[in-house]
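See the structures that follow.
You will see subunit A twice below: alongside subunit B first, and alongside subunit C after that.
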Partner chain A sequence: MAVASYKNHKTFWHRNRIAITPWLFLLPGLFMFLIYVILPIFQSIWISFYEWDGLSPKNYVGFENYLELIDDENFYTSLKNNIIWLILYMLAVPVGLFIALFLNQTVTGIRIYKSLFFFPFVLSQIVVGLVFTWFYNPANGIFAIILGFFGVEAPSILGNEDYVTYGIIAAGLWPQIAYCMILFLTGLNNVSPDQVEAGRLDNAKGWKMLWYIILPQLRPATFIAIVVTVIGALRSFDLISIMTQGGPYGSSRVLAYYMYETALSEYGYRMGYGATIATILFLIMMVYITFFLWRMYQQEKEGA
Partner chain B sequence: MKSLLLALLTSALLFSQTAWSGELVINFDGPDPAPKKAFEMVIAAFEKANPDVKVKWNLFDHEGYKTSIRNFLSANPPDVAAWYAGNRMAPFVNAGLFEDVSDVWESAGYNKSLAAAAPSLTIDGKKWGVPYTYYQWGVYYRKDIFEKMGIAVPTNWKQFLDACATLKKGGVTPITIGTKYLWTAAGVFDYLNLRVNGYDFHNDLTAGKVKYTDPKMQLVFDRWDELVKPGYFVKNHASLSWQDALAPMVQGKAAMYVMGNFAVAPLKEAGLTDDTLGFFQFPEITAGLAKAEEAPTDTFHIPAKAKNKEDARKFLSFIAQADIQTEWNKILGQLPVNNQSQVADDKFLKAGFNILNNAKGIAQFYDRDAPAAMAKAGMEGFQEYMIHPDRREKILKRLDKVQKRAYK
Partner chain C sequence: MFPKPIEKSSEALQRTYKAILPIALFIWLLPLLAVMLTSIRSAGDINAGNYWGWPTEFNLINNYTDIFLNSKIGLYILNSFKVTIPTVLLTLTISCLTGYALAIYRFRVNMFLFFVFIAGNFVPFQILMVPVRDLSLQLGLYDTTTGLVLFHSAFQTGFCTLFMRNFMKALPFELIESARIDGISEFKIFRYIVLPLVRPALAALAVLIFTFIWNDYFWATVLVQGDHALPVTAGLQSLNGQWISQWQLVSAGSIIAAFPPVILFFLLQRHFIAGLTLGATKG
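Take a look at the complex of A and B:
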């Protein structure tokens, strides 16, 4: 009887604390996430249906901004550049891997070489952008001097619509390769010597050794390297801003930069149109993120 | 004891009262040495003339100011704010953030003495700010190279093209330009347009009343072709800033620069002198057409939500005075807007003052006369045209599309 009454008097908290406690711990994080991530997403989508200069009253225009976007050459240029960025930036992963394999040996002073290779990652993107801008300067940049040595006249890389995006990507790859390299170097430290030994006994050498023994063990490192590279490609904003400001005539813009330019730059303040670009960029990203999460989920299931 | 306390209290009250009513807050965006020094001088003179007013001024970075003004005008307005004339002030006027200051213009005959800048400060028949400085645009050239090659200062288009041809043959690039930040190309376009079609057409175009595919625009680009196609502009201009483009001129590799007067200071610092550097008015193209000039004007405005509008009006009226503008612009190395002012003893300023006083009209500049979205697309179009002159039609059609949207 006493026990039963005790049970009856058990509070709501006592009965549910196992279920509630994790939510209490999550609450601050969820609250921040809601305010700084989820709400702005819906706010952006909402603003994309308006015409608004940030000062005057908003003016509802329905899908007009989206119709304009479909007919906007600048949008397609930016989208194309985004895709080029995503594809070429992936080079950082294999190149980083090979530099890591190359540096993964015990020679005197290897630590110095490693740090020299890692050095570009320590630099701010702004500095990288500035250095490469000078590097590409057609009048007295080192690129022009080297080509001049072979009797070739240097093209103006950052002033040419065909080269400019590749020029900026090359600048971005420099620190990105270093980043991937350091990820693979730490990964290589954890490669089990027993498995390598066993592979040797089975006569695995060179490529076969790399492909069947080393790479599978580097899977977590590869995963992180791909993720940071994709993120790096998508935040190419700073390099573009410092090297070309989207020029010449908008041919090096990516969607994020175009959004900034229409919404927030000196000649912009078309908040509605900027929000429209943001919404489209968000939808494109959602496809990628969903695919990525789905694959991760599948792999976890296999692993379990 | 009680009376002493009371006296203290009243004096404190009085003091805070005067401090409150007599404090004038000014936001200003000239952190460079000359504008800053000049502004300090003006503030000191204003405080001397109005001992009961205490000026508190905030100095902003030039680029950052363009963003901050949008915030502080509505959130935390000063009593006076620096800005620009023309379409650049239109968004603030239309949003009701600037105060109508027509009365300041009336008060001391400024409608007459500042007449040159009046149209660019008028929207809906009212004046929204007071101008204090502007500067001329034109062609800066290497006098010594012209003399060596026996070229006279060109006054019409044919002479100008001949000069270019002679320079090119002599191994000197005729015109230097850096279009990386776009607006320099707009300077060339504006001048070609002003000389081919005139001031009214410039205004109609930037007001969205004429299309970019208008036959008259073709005439402008026909003239531009005559400079672009033979390669009279410096190579790789799309990767040069306007400062980068000074180098070929200083080194004697290029001979002319279509620019604003602010280019004189860095050119002289780099070693050119009054003997090697000259200035001439952009030559005539359509014979007999009255010449209009570019002269971007800097201004001061009163935010609509300012607390101390009375003293702000005093300040605006003060900076429009002839003697103040004389002193101010001597330090700035620019031209006073007030036509009763004196110009500094400098051959470039004197030439500019002369040209502007005889101008048919004063254009602010393509990107200050046209609304922002149009200006950006237009300037990108001009840059693209200068690299690919064969894309003219495509570019003009695109600009028509932007125009239709931007002027809705």
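Take a look at the complex of A and C:
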């Protein structure tokens, strides 16, 4: 009976069910994502051609914001720091691998060790920032005490224009290494034991084994580790905000922080100029996003 | 297994390994241990410069009640829950639907939409900042927890769609085909056949999103101004300004702020790591 009535109702809906349903499922997600993520990207690029304080009417200025950027020393400081972040943050990948190799054993209690080593990643960057601000405190921070133990007087890391960025990056590396470590531990878990045995029979040991047999199998983990580290480096904002607020004298700014400062702080509400900086940051990130998507596309083609 | 299992090594090497483990862990967590120790010190110890020695008295209860009584941290934590829990629920609901659409149905722009979700998930926050703040102002959602919930849910949908889509794609497609032949409606297939099977993915995403959103600081500063809606990360930053050199309070505050995701992590560790390491094994 039910089947019969189903067959009689050859309505538009029934004929196109399979074609329409996915769009119904997509509707809420696509709507939210468009409103809050996709459209704002284009709006920001559009705003970058205006002078705007966020309240009064926008004033079209063409490429003026971009021209100003070319002569802006703060912009270059931020860009330079972004590059330092990108390069040094990459240390998280080999160090994470090293710790993963160190912990990939089966002695009693190793699971607790693994989760405690991973622990910093769960902490908010704000907490990490506060912890390290104090760690670096020249008067009584533990960093000063350790250096004092060797008879060296500790410089004020966060108060020194030459050291400050490195100090913040070190703080950022702490959770990032933990992240990479867990990726590699999972990867190591899935290394084929047969190949390792075969390698052993061929007398591969230590570095050789790591390089020729293990690392190729860790490629997916390495790829993800690099991707999340690059994104993490370019997103760096929280630590700078909590540890130095870009200081001293703006020497620890990165593009993300400089953008925020320009558009939304006591330094003024220059939304247009802020959007310009954001656009540059976005373009840098697009290089990585494109690379990532291209790789995913290759995989999808293979998988299909 | 690589490296070679330590049990197969000499007795001496095994002993050394087991001795190094706790030392390495101690050094690794040293900054954190220092903060824990400080959070139970007395103001007297701090003022006297006794930062690293044994505390003269243990002020565990004093310090922690102090921050709750004399600051708004309790309110900030409540706000964080008001942002985090609805975001987790909303994001999971939405991304189950999008993930299902992209995993099960073949249609022309499927791959394109999938890539849009992935790409959006990676963009720098700053490119969204001005328009999203403006939109929230216009909708009357600026300075409210709802405003944060809506933005976070939308943004996290990118990552969660990627996750759910890949998880659902790995399900046996015959299940859905045979249900279709039996004349079960598309929505019922989703609700009664697919949803029960993706429970592990939901658990993994729930823990992960909870942690991400709880720890968010940038959007909390951009979209919220007043104490009534300020989440604990941004709240801690403002308390840090008030508590200058009262390190015992800053430390206790940090530990309280870190607590909920930490508890969740230790309870649901397996799910957390499964979520985080998606893609680390295949592909």
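FYI, the second predicted complex is superposed on the first by the 256 of 304 C-alpha atoms of A that agree within 3 Å, B and C clash if a C-alpha of one lies under 4 Å from a C-alpha of the other, contacts with A are read in each partner's own complex, and residues count from 1 in each chain.
As a convention for this text, a residue touches a chain if its C-beta (ideal position, glycine included) is under 8 Å from a C-beta of that chain, and two chains touch if they have at least 3 such contacts.
What you see is a predicted model, and the numbers here were worked out from it, not measured in a lab.
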Q: Look at A:E68 in the shared chain and tell me whether it touches subunit B only, subunit C only, both, or neither; answer first, second, both or neither.
A: first
Q. Of subunit B and subunit C, which one touches more residues of subunit A?
A. C
Q: Mind working out whether A:N16 is in touch with subunit B, subunit C, both or neither, as first, second, both or neither?
A: neither
(Q) Is A:S192 touching anything from subunit B or subunit C once the two structures are fitted on A? First, second, both or neither. (A) neither
Q) Looking at the overlay, does A:G268 come into contact with subunit B only (first), subunit C only (second), both, or neither? A) first
Q. Is A:G54 contacted by the first partner subunit B, the second partner subunit C, both or neither?
A. both
Q. Just which bits of subunit A does subunit B share with subunit C as contact spots?
A. 54, 264
Q. Can you list the subunit B residues touching subunit A in their complex?
A. 63, 66-67, 70, 73-74, 91-92, 94-95, 97, 179-182, 235-240, 247, 367, 372-373, 375-376, 380-381, 383-384, 387, 398, 401, 405
Q) So in the complex, which bits of subunit A are touching subunit C? A) 2-3, 6, 17-19, 21-23, 25-26, 28-30, 32-33, 35-41, 43-45, 47, 54, 101-102, 104-107, 110, 113, 115-120, 122-127, 130-132, 134-135, 140, 142, 145, 174, 179, 182-184, 186-191, 193, 196, 209-210, 213-214, 220-221, 224-225, 231, 234-235, 237-238, 241-242, 255-256, 259-260, 263-264, 271, 274-275, 277-279, 281-282, 285, 288-289, 292-293, 296-297, 299-300
Q: Under the touch definition given earlier, write down the residues of subunit C that touch subunit A in their complex.
A: 1-3, 5-7, 14, 17-18, 21, 24-25, 28-32, 34-35, 38, 49, 51-52, 93-95, 97-98, 100-102, 104-105, 107, 110-111, 113, 115-120, 122-135, 150-151, 153-155, 157-158, 161, 183, 186-187, 190, 211, 214-215, 217-218, 221-222, 233, 236-237, 240, 247, 250-251, 254, 257-258, 261-262, 265-266, 269, 273, 276-277, 279-283
Q) Any idea which subunit A residues touch subunit B in the complex? A) 53-56, 68, 71, 73, 136-139, 156-161, 244-245, 247-250, 261, 264, 266-270
